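Across the two complexes that follow, subunit A remains constant while its partner is subunit B and subsequently subunit C.
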Partner chain A sequence: MSTTQFTGLITALTRQRGVLGCLVVSERDGIVVDADVRAGVDAAAVAALAAALYRRARLCSEAAGLSTVSFLQLESEHGQICAAGRDDLVAVVVAEAGAPVAQLRTVILQSVDSLV
Partner chain B sequence: MSDGIRRLSDELARDPSSLVFIQLGEELRRTGQLDLALRVALRGLERHPHDADAHDLLARIHVDRGELTAAFDEWDTVLKLAPDHAGARKGVGYVLFKQGRLAEAERYLSQASAQGGGDPSIATALHMVRRMLHFSDGVGGYVAGASGNGTNGGTPLAEAGRRVEEEARRLFADILGEGEQTALLLDASGLVTAGVYMTEEGRDVAQEVGASLAGIREDAARASEHLGLGAWSSVTFETDVATVAMAPVLDDSLVLVAAARSVPLGLVRRVLQQCARRAGAWLGATS
Partner chain C sequence: MKARVSEPWVEAPLQRFADEARVTFALLLQPSGQVLGQFGFTRAMDVMAACSLAAAINVTAAQLGRELDGTPFRELHHAGRERELFIAEANTARGPLVLLAAFGDESSLGLVRLYFRELCTALANAAPAVAPAPSAAGRVDLGENLERDLDHSLAILFGRARPDPEGMLSVPSSIPPA
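Moving on, here comes the complex of A and B:
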């Protein structure tokens, strides 16, 4: 696998317990910029849907006067998505339902500075 | 004249027997051109006297003109022509509600809700009527033992309405306490069903915030479904100034908690769970 400027961020996140994949996506168009996901995870679908959700949250938050979104978590029955963005790029993590969200949140927020 | 109205008018001029008059009348009604809408509906009904949707249109125009009796008669005609017409049941329920006949309104709205295909406006109206029934005897009088005697500043119906409104505003008050957090219950359209959202200046901006944030629900549900994650249970996001958490309640409602960034994330999530349970019980108790 080739190394990119996002390899460090993706490696740091994918080695967390319960993580099924990590992606860097363009918030504007939902396209994968870089990714490392386990077999069975549809990276393109995750990118599109997570970017749409993050974009929606950002726009809604700004419309409600709550400022810019820095971190987002979607919890579902069988898994969760965490995302943090900077400019047009969003780091997205897909994880099992039982993955430690506090740890994931810390790591993803620490990593977001490298999204340039 | 809008492009849509012009197009529909042209279409009707080309074919006066067309049912497009229903769309045209509705567009005119929605844009407040009630006299014109009435003329279009009446002329269309001369050609299509047995069309239920045309009578439904005429009923809605009458409501907008404040002619509740005429509206009731039209919806009554609709139900004779099409007994399962959810719009007419909702309409009859609305007229009965406005007339203070809550028990009858509840019956029609229940039927409309059962066949309305998830129309959130029916669910909201039904919930409101049921809460008002809780505070009244169903026909505008008072339940024995209910606090207040209905003589303070309005009719018993208006008093029941005020009590429902107050109950809704304070639904989460004891959970939230005096902390820097607020909670709202939104219906499927993003309209506030319960709770308040006060600014530092003391202005309630619940409707604006609710309308802005409710759209997240669709994307959360879509992402969960398409990625095979099952039903979504919460969305939490942090901004520079606030933490916002939301969770689905029953079929089509959403509870939302917003807290200052100083409130720990774990506490926000606990408050969200408590508010979701409270909202579910409140809505479920009257469903």
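Moving on, here comes the complex of A and C:
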């Protein structure tokens, strides 16, 4: 497997308990820049939809005068999606319902600085 | 906004694609340039021009892919300053169809690709299994009737003619001007 500038970030996030996959996504294009996801996770679909969601959340936050979005969490019946971005790149984590969110949040926010 | 079609079986898939992918314009055509459905256009002339260009771009890109890579390029994306363009082929029982979609800030390449995938599945499921039978007025043979078929598709799209009950193309005795 080849390494990229995002390998460290992706490895740090996929190592967390309950994480099913991690993607670095272009917010504007909604396409995968780099990813490591388990079988069964449709990386292209997650990237497109999560990028659109993050973009809308960012625009909503800015429109409300709340500045930019620092962390986005979507809870579903069987899991959760967490995202944080910088410039045009967004780190997206797909995790099981039981994954420790507080810990994930900390690691994602620490990792976001390397999204350049 | 509603998608307008010359063949009813493409309406639901095209409408869903346009709504979900939030594209500004969408065209579904045969590789020959004959339009099957459109979303977002208001003038027949624009549809005609876009179909001609899309068909030409599609065949050029396919040949370029064959020359460079030994296989046709699957899709083409152009990122303009304000609008982006996506062209790709969908395979159906009726043969390959070409989708041209233009989109802006409301959408993204990822979303368009995602919903194009769904469009391909929906078209493959909805396509009539058999090729259109020859009609009394004329055969559906693009080699012989291409120009009349192009005009007729446009006429149906803009409400100047009706499609066959089976949803297949037929050539009327008099064709309204595009």
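Just so it is clear, the second predicted complex is superposed on the first by the 116 of 116 C-alpha atoms of A that agree within 3 Å, B and C clash if a C-alpha of one lies under 4 Å from a C-alpha of the other, contacts with A are read in each partner's own complex, and residues count from 1 in each chain.
The rule is short, and it goes like this: contacts are C-beta pairs under 8 Å (C-beta built on N, C-alpha and C of every residue); 3 or more make two chains touch, one makes a residue touch a chain.
Everything numeric in this text was worked out from a predicted model, so none of it was measured.
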Superposition on subunit A - do subunit B and subunit C clash or fit: fit
Partner chain in contact with A:Ala52 - subunit B first, subunit C second, else both or neither: both
Angle at the Cα centre of subunit A, taken between the Cα centres of subunit B and subunit C once the superposition is applied, in steps of 10 degrees: 70
Which of subunit B and subunit C A:Arg38 touches, first, second, both or neither: neither
First, second, both or neither for A:Arg15, with subunit B first and subunit C second: neither
First, second, both or neither for A:Val69, with subunit B first and subunit C second: first
Touched partner set for A:Gly79, first subunit B, second subunit C, both or neither: first
First (subunit B), second (subunit C), both or neither touched by A:Gly30: second
Touched subunit A residues, subunit B compared with subunit C: B
Shortest span in Å between Cα atoms of subunit B and of subunit C, once chain A is used as the common reference: 10
Doubly contacted subunit A residues - partners subunit C and subunit B: 45, 49, 52
Residues of subunit B defined as touching subunit A within the complex: 205, 208-209, 212-213, 215-216, 219-220, 222-224, 226-242, 244, 258, 265
Subunit B contact footprint on subunit A (complex, rising order): 42, 45-46, 49-50, 52-53, 56-57, 60-61, 63-81, 94, 105
Complex contact set, residues of subunit A against subunit C: 25-26, 28-31, 44-45, 47-49, 51-52, 55
Complex contacts: residues of subunit C adjacent to subunit A: 107-111, 113-114
